[in-house]
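Take a look at the structure set out below.
As written, the chain order gives the labels A, B, C and D, with residue 1 at the start of each chain.
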Amino acid sequence: MIDILKAIAAKIDEEKDYLTELDNEIADGDHGVNMAKGFDAVVAKLDAMAGKDIGSILKTTGMTLVSTVGGSAGPLYGTAFMKAGAKLAGKNEMDGKDLVDALEAAIGGIQMRGKATTGEKTMLDALCPAFDALKEGIEAGEDLKDALAKAVKAAEDGVEYTKTIKATKGRASYIGDRSIGHQDPGATSAFYMLETLLANI
Amino acid sequence: MIDILKAIAAKIDEEKDYLTELDNEIADGDHGVNMAKGFDAVVAKLDAMAGKDIGSILKTTGMTLVSTVGGSAGPLYGTAFMKAGAKLAGKNEMDGKDLVDALEAAIGGIQMRGKATTGEKTMLDALCPAFDALKEGIEAGEDLKDALAKAVKAAEDGVEYTKTIKATKGRASYIGDRSIGHQDPGATSAFYMLETLLANI
Amino acid sequence: MKKLINEVVNVEEEMILGLVKSAPDKLRKLDCGTVVVRANKKEGKVALVSGGGSGHEPAHGGYVGEGMLDGAVAGAVFTSPTPDQIYEAIKAVATDKGVLCIVKNYTGDIMNFEMAIDMAKDEGIKADYVVVNDDVAVKDSLYTTGRRGVAGTVLVHKIAGALAEKGASLEEVKAVAEKVIANVRTMGMAITACTMPAAGKPGFELADNEMEIGIGIHGEPGTSREALKPANAIAEELLNKITDDIDFVGKEVAVIVNGMGGTPLMELYIVNNFVHDYLDKKGIKIYDTMVGNYMTSIEMAGFSITLLRLDDELKSLYNAKADTPALKR
Amino acid sequence: MKKLINEVVNVEEEMILGLVKSAPDKLRKLDCGTVVVRANKKEGKVALVSGGGSGHEPAHGGYVGEGMLDGAVAGAVFTSPTPDQIYEAIKAVATDKGVLCIVKNYTGDIMNFEMAIDMAKDEGIKADYVVVNDDVAVKDSLYTTGRRGVAGTVLVHKIAGALAEKGASLEEVKAVAEKVIANVRTMGMAITACTMPAAGKPGFELADNEMEIGIGIHGEPGTSREALKPANAIAEELLNKITDDIDFVGKEVAVIVNGMGGTPLMELYIVNNFVHDYLDKKGIKIYDTMVGNYMTSIEMAGFSITLLRLDDELKSLYNAKADTPALKR
């Protein structure tokens, strides 16, 4: 899990400017910078977590994100990681079922905090279809990698879908119809996380 | 005299942007606008002055410039016209000697107010050489137009000369050596007045 | 990006240090971060805490002091502060009478403040919050996260601050804050974008003859892009929208003509000249006017107009003494 | 040119109207032009009049009021006002105790004020003037018209205004104004030019990595163009020049970190953070700090730093009550 989180941090850092650029187009241009700052802080704590269970690692990750990212992404992703961590408390391995549970908890946390649903041009438009695909695959008996690959594809489609819709949550909602045609930064960062998870699992 | 002043007003108005541009390069970019505003006000008073003596007309011109131009050019040109008017009080015609006297009084007024001398990159660098040339011509018995033509040439050279020197008076002095290479707006407007006088006398 | 700063990462910290050094008798910075509190904590009153992203200076740190806020939390530029920083501010200013947080209506701000308030309550601190949403620009606010909180927030600080200073209870202070929120409306525009230091380039590009109408205070584009027109016509457009939203006719109002940070005062006065003529004509009585940079978007050029309907209670609190770096009365 | 104005020719008039409408209880505009006087004339005190071109808002009209000026005359943008306007201001505020004009050191300003004062004296009004020249940027000031008057002028208004309010004589008020002038020094810089409305385009062009050092307040270029550097290094350069000019070590000073009109407050606070560290290190004691837009060049982005050496007399006058639109104490 530590390696996966480091890989996610590296990916976010790599895409920092792009995420900021996306946020700049429809909102306030801080998503990339803030996410990178948060994952830098996470990385600084990871080595000390060696040997800890997945649940603890994810919980620490969530708390660190909450206290360093700020904005909307801080509490949303922070809560998501904390909830996923709570679900995986005590585990040192993660199978398909665990990932389904963790993602479900994460999405639940995001919805509890942000009170959004799919179709509002948020990270949920990447995460929810990904969750559905993952769950379907795992329940159909596919192995974790195959099911996750489908989930990543669904997230990618979700990111594409955000271009076609109007934001009704978050700062991008203030510009109304003018948000149509632009890709949601939060959905994009969510896709990167899933994609990196797949590549490193 | 009324026609001459109207012609001067028209010339200043025509060169308004150029004078402003010159002032912008080395100082605060208001010379053309302010001079044009002043001469507009003068023109508005001229018709009512029909039949008055040259002295009164010039005095009114000076007072109008003082109360509408502002900045340095207002008191300087205003005083110049008032002093010239005082010199020509009661006259309805102006001969060569009168013009010499009037210009001498005008320059005296400028020097009294502005405490500058030639070589400081001001209107005096056009006016003083013009006065010298005019006086020399008139004293040598040349007719007014010939002598004034030489004065206009001297003023033009004076304007050229201002490009080669550093300003030590007025706002342009604050930028020190950086004023070298630029033409003085006040010398330029003084040259236009003399040139227009020659063309309309 | 052309800015008078040092390292981008230090902008918020140095800014807060510079603010506190400008008024060391009034302000103190907490060691834990970019949090400003009164130099001398006052007991026996409800403590007011506000905050949000940096970039809105003098908001919010400039409004800490007698008669207004007790603490202010500055996040990264245009980014709501994190719950732990807000929690530290609440802890530092909390009194027996409780703490009221004044939060501008943004998803991030509300989530972070709510988490901090939960943490404070867990520690036995009496804490509550109000949400300011004065911006009438957003069209179908029912289908968004609602209206944004913008310059009207300063009047919430002022009036709730005055009542808190008098020793009123948390419930009373919250009620008067909500009364201000119910009666205050704002709309803004911009002729230039601003540049977030971390982004390094402007949030949007405008041609020389274009403007954005209905902007917020976070450098985002407005609700529409229009051809630039004379100041009076722009002000009229904003005032029409504001006075259509709630009824101001026959009422007494406080007016803010607020600069977005890069607008010269000359232009704000020109706008104010029209605002007064417009309100006079509409039969809206002007009780008082504030013209200046009260809630900004870094160096954005533009302005917003705020109107607050006043009654006798609000008038007396509006007039009460305030002694803060950015607002004295 | 992108500005929030109506017709260029009306800028000054609308600006003054907007200023007066923002504080109708304090200010009154004379019908004869862009002249602002106190709404309620105070007899029995020396009347203070200042003025200059427009474009320096809030100077000078914003400093009219109790404890500061009695009248302010606004010329066209960056153009000293005409003698007749100044004369009207003097006449409107004159008392038996006389009138002191506070003039910034520019050829035009001095000539116009001198002519106005002559006119006033002819009418039997006791009138005198002082010339402020606090700008240390100009190199060989012996070979120019001397140093310019810039942001330090506000401190002359404040301190001479406080003494005049107490009922001191014209000679006493003039003496204290000259004491401030002898002890105040300023230097400024810019990262962008400003645009005179009538000129329609910026006074100069700067590349993204360039700045002008040693600017005045009239949109003119500075004494040198340099590569842009961090805010701290710029502030250090200005402070070195200021503290080289007269000796501040061991003295108590009032500080102004002044924005040129388009500078965000965020950046002024960042500069102030360094200014304090610098002065501390040099053994210069900071008595008080003002951070904000006090003497501007329309929408220019940049700042100036002003230091005033204080003694007990100046401190008590600096602290005295002031109640004007732009400065309250």
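To be clear about the criterion, a residue touches a chain if its C-beta (ideal position, glycine included) is under 8 Å from a C-beta of that chain, and two chains touch if they have at least 3 such contacts.
Note that this is a predicted model, so its numbers are computed, not measured.
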Greatest separation from chain D - chain, by CA centre: A
Chain A and chain C, separation of their C-alpha mean positions in angstrom: 32
Chain centre separation (chain B, chain C; CA means) in Å: 54
Touching two or more other chains - residues of chain D: none
For chain A, residues that touch 2 or more chains besides their own: none
Chain-level touch network, classified as line, ring, star, complete or other: line
Listing of all chain pairs that touch each other, if any do: A-C, B-D, C-D
Chain B partner contacts - residues on chain D that touch it in the complex: 53, 75-84, 106-108, 111-112, 115, 137-140, 143-145, 148, 196, 198-199, 201, 203, 216, 218-223
Residues of chain A that touch chain C when the two form their complex: 20, 24, 26-30, 33-34, 37, 66-76, 113-114, 167-176, 178
Chain D contact footprint on chain C (complex, rising order): 1-7, 11, 14-19, 21-23, 54-55, 57-58, 62, 191-192, 194, 208, 228, 230-232, 234, 257, 261-274, 276, 289-291, 293, 296, 298-299, 301-303, 325, 328-329
